[in-house]
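Structures given as structure tokens follow.
Next come two complexes built around subunit A: one with subunit B, the other with subunit C.
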Partner chain A sequence: MSRLLKGKVLGIGLVMPSFLTLLVLVAYPVMMSVRTSLQNRAGEWSWDNYRYIFTEPLISQNIRHTMFVTIISCFFVLIIAYGIALYLRFSTRFFSKLINKLYLIPMFIPGVIAVYGFINFYRNNGWVARLIGTDNMLPIIYHVRGLIMINVWFNIPFTTMLLLSALQGIPNSIIEGARDVGATKWQLFIRFILPLSYKTMLVAITFLFMGIIGSFTAPFLIDRNAPQMLGVSMQQHFSVFNEIGQSSSLAVFMFLLSSAVGCFYIWSNMKHSKKELS
Partner chain B sequence: MQQFRQVKKIGVVIGLILMGLILGACGEGEGANADGRTTISIYSTGSQNVEAYWETVIPMFEETQDEIEVNLVFIPSGTGGQSTMDRLIAAKQSNNDSGIDIYEGTLSDIIRSENEGGLFYQLDEEGIPNLSNIDESNLTGANNMAVPYRASSVVLAYNEDAVADVPDTAEELYQWIKDNPGRFAYNDPSTGGAGSSFVLTAVYNQLPDEAMNIQDESIMDDWAPGFALLRDLASSLYNDGIYPQKNQGTLDLLASSEVDMIPAWSDMALEQINTNMLPSSTKLKQINPAFTGGPSYLMIADNGVDERKQASEAFLDFVLTVEAQEVVIDQMYGYPGIRWDLLSEEDQERFSDVSDGYRIFNGGELSEELVKRWQREVAAQ
Partner chain C sequence: MSIQLSVEGLSKIYQTGEGVRDISIEVAKGELVTLLGPSGCGKTTVLRSVGGFVDPSEGIIRIGDRDVTNVVPEKRPSAMVFQSYNLWPHMTVYDNLAFSLKLKKKKKSFITERVDWALNLVHLTGSEKKYPSELSGGQQQRIALARALLLEPEVLLLDEPFSALDAKLRHELREELREIQAEQNLTMLFVTHDQEEALSISDRIVVMNRGKIEQVAQPYEIYHKPASLFVAQFIGRMNFIKGYAQPDGIRIDQLIFPNERGLIGEVAVGIRPEDVKLSEGKPSIEAKVAKIMMLGHYVEVTLHTIFGQLKMFIDKNEINTVELGRIVHVTLTRIQSFQDSNENYLERNEAYATI
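Let's turn to the complex of A and B:
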């Protein structure tokens, strides 16, 4: 066996376990739900389920609500996490070192526990209300505000970690060089830091979007009863209404939304690597 | 970058462990009895108190003998308990062993089983001598196909200090809600029985008494006045119409005094009063016409294996002993399945507040339709 072939076999062999896992745990269930979504209750092929999710006003409200929450949450997470990452990268003060040690903590708190803590903290007669007075309390729990807040809280650590590693990859020499020729802070940011980190931002957006659009625990416990996030609506169709087909079609729709974002990410990556090659 | 790498490493390790678990689970066999012991599986569903009940009673049973091992499969409510019935039906149609020996369900499951040609064994006192402990009328109601081993109902739970004029009837309750805006809450009916009982009774209180037994979909046209009432009440509810998730959601609101009155399961409320999760000022009351409730039934699935049938019968027999029924009362705060006179007077006394009875809804799949319509017309109004 030639060396080249050996290398190829080794490569494929190394990829195989994760590929097979993906096939069994992701690809197969996806195919199954595509199939069930195309069958009506009698088991015949039909578009009924898709007609339902695109014509039923309840579902279109849910879809609009989901997109709203997802996009707004992504926006806030990105802004805040980028801010924290910039601060951590360029400040060497004691306070920044402290934050550097603390910001990952939310990642290690189980979701349900965090949500219950959040509810007890912000509910209409919770801790915050007791401090500032019940009358001054803005409704947060059972309101979309609360949902966006908890999404931001959940997602900041991971996003910050991603962005920070990108910013740390920018060599100090570039920044010092630019400063030496008289670049202002603003120019430094627009011309160097942003272009050198925006690819990681795309990665972060992809992760955020997929994570938030499919979330269940937080919207189930914090959001209003209607409109619902799609994850909650899907669970309701599946186990309360026993509408397996309709919940599958919702799942497929969500999958398509997520893959659209995934494709955008891959496309922008490929564009980049082509540039680097040529 | 260093941190990122570490996280990656942890991820790989977790992934490997998960894969191992999945592969391990695939190799597990059904009812292995190399040592001559019979293993039976009981499929149960409900809130956490039901799971805790089985976790107490099963070891009690296993201590009394050593031929039978009982395996509990618990499906929390709202997570697709109906699929157990679907599994039984699918197994029957394909002539396979469902792997389910004892199934905890409702009367409508028995009706469904009849339609499928009978999924369960007929029960008699020969196999289960303790059937004689049960009130005769409760058994015939289930066609001798199921053992009503416990019961509970939805009742009104309220804060005695805050509610001066406790409603006696449903009409008075609806009026109370309007007179005291923001002080009443019922949970999202798709997530727990207390809320769905409130919705159900609000709709069926506008109809003749016997409507609750109708399974024909034509009755859905008569639901309109009930839904109009629910829409009308919405603005007087907690937070202008917030329906907390799960039965526990409204109990939490009552405990933190955010509301003064809620519909709740008698067993859950009694348990939480006793463990001080609800303040001692919490009182329970059944109104007239009553909320819904009902017995929980145990059935023995027909898999064609005699050994497992006998083991299941022995287990059901144990569930109906005074010893096991006392767990229903003491730990679950449920109504016992056996006759009251077999129990101590002290226990009979404790239940005098809530044993005013309940109504049973026999509409079958109509209850799903009711929740669907509630979501569309009341939640999203």
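Let's turn to the complex of A and C:
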């Protein structure tokens, strides 16, 4: 009995450091924001802040803008990264080997520097404009287009890595087996490759969604002044308008959005793990 | 018997310089031919070329009357069972089996009937709704076999299908496979590195080494008349000692064997352990009993002689005739001699003791 107790104490003891860190650095601030978001300026409990973020036209615009940018960016990143991952998985040519070595490089470039380079490249008197002529240049910087482009650029390496590892996890023999029974390339993709990498796609979507919805640097430097991404809007309410309660309610709202995606991910994972023990 | 599969002059050289050169094999309808050899000998390359998964550099592959050399795997009338269990993990057993029939747009009632037939054949009726991960290794490989059979292949290709299973299961599945093969009159090309497996199930064995064929023959002949030193070493247990070939015979100590092939000089002499016999009369070889191992229905005796170690198999009932450390006299009832020619020991002489 005492051995069992010892084991339990040891187990809990081992979990404690990370649990406490989480408690102090994540759970406590989250609870504080929730509390602050539910208080008005006088420090009384009220729904004022939430009323504000859901009725103020500027904020609703920001929310719509944020969702638009996030969903479109996720869509493009996923499509492009999946394409690259498929190519890297199934091609053995020289070019694919080259890309395989290069595609992770953007991950090692600090965000601010990348954004600076991006602005220099695409602004209306930047390098591209000089090459194709200023008149032929579509507005990219200080436009939602530019924001989506930089989101795609930032997120492709990690997403590709994730999807590539999923695709590499599909043994060749499974694919050869399918070809052996007569599956065409298209059937191979729809019936085998997609279902077998679908779960990782959900993981990728979760990461992408959370990363992009809460992004700050790129929207702050590249996006227009209005409408804004929620991250920028939150920063502005906090340090420019000094509306701590309102920025807290925005933070809570974003947290709930991300949690919804997280729950969706966990739910779909559980649904699958019941079916497959792999 | 008509030829169902013919491989002519097949070559496939990989960038590393390894591969297979000038392989020709013919498999008759209803025949089970095994490609046997150590790993890296190219046997899987030959099999995968027949399946269409490897593009041969040279050569022609015919299945039935059709030249399929340039036909993609999905259009070849062959089916393959792979080494790893490659059932599709996201599909139930039923879907795994029905997939090929669905591709052919067969009616549902027909598909159900065929899947039932296949499951019955591999003794797994009732497992339709299970996922591959819920099956044991042996069951998975049975389903893989059933899936291949449902394609009604003109040639069934098996790439070391049982090598991941434990010994007992391997024996069971081997027997089952042989039964199914005989029942359905299937033409099979079977790859293995396990010589016991090859000897037990094959109609004919193709022994391969370093990308080349060493010998093609029936199991009995492969065992009794190995065409090269490599085959002799690879198949079964064999003692190797040095002998001296002279025009009048091959001499090993006091024993002299006929030298019909006219080998000259030093030769490698192979003796199966069952061909080493205790002997009272002369001429014989003096040997000291160094080890006695009981191996079930027979006993393996290790002998030390002046020309090296000899292993001898004796019946379990004769275990009392040998005693550790004692000197015994043995004779060799049958030997194979191989002469070193171009490193390959291809010159071979077979001889029986003339007692």
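The working rule: the second predicted complex is superposed on the first by the 259 of 278 C-alpha atoms of A that agree within 3 Å, B and C clash if a C-alpha of one lies under 4 Å from a C-alpha of the other, contacts with A are read in each partner's own complex, and residues count from 1 in each chain.
By our rule, a contact is a pair of C-beta atoms (placed from the backbone, for glycine too) under 8 Å apart; a residue touches a chain by one contact, two chains touch by 3 or more.
Just so it is clear, the structure is predicted and the values come from calculations on it, not from any experiment.
Applying the stated clash criterion after superposition on subunit A shows that subunit B and subunit C can sit side by side. Contacts of A:P171 after superposition on the shared chain: subunit C is touched, whereas subunit B is not. By the document's definition of touching, of the two partners only subunit B reaches A:N124; subunit C does not.
By the touch criterion stated above, A:I72 is placed in contact with neither subunit B nor subunit C.
Applying the stated contact rule after C-alpha superposition, one finds that A:I109 touches neither subunit B nor subunit C.
When the two complexes are overlaid on their common chain A, residue A:V181 makes contact with subunit C while staying clear of subunit B. When the two structures are aligned on the shared chain, A:I80 is found in touch with neither subunit B nor subunit C.
In the superposed model, A:F220 lies in contact with subunit B only, and not with subunit C. By the touch criterion defined above, A:V30 reaches neither subunit B nor subunit C. Remark: least CA distance from subunit B to subunit C after fitting both complexes onto chain A is 20 Å. Listing the residues of subunit A that touch subunit C in their complex gives 171, 173-174, 176-184, 187, 191-192, 195-196, 275-278. Partner subunit B is touched in their complex by these residues of subunit A: 21, 58, 61, 104, 123-125, 139, 142, 161-162, 165, 168-169, 220-221, 224-227, 236, 238-242.
Looking at the complex, you find that subunit B touches subunit A at residues 1, 3-4, 7, 15, 19, 78-80, 82, 188, 190-191, 239, 242-245, 256-258, 368, 371-372, 375-376, 379-380. Considering their complex, residues 51, 53, 72-75, 78-80, 82-84, 86-90, 99-100, 103-104, 131, 133-134, 144, 147-148, 151 of subunit C touch subunit A.
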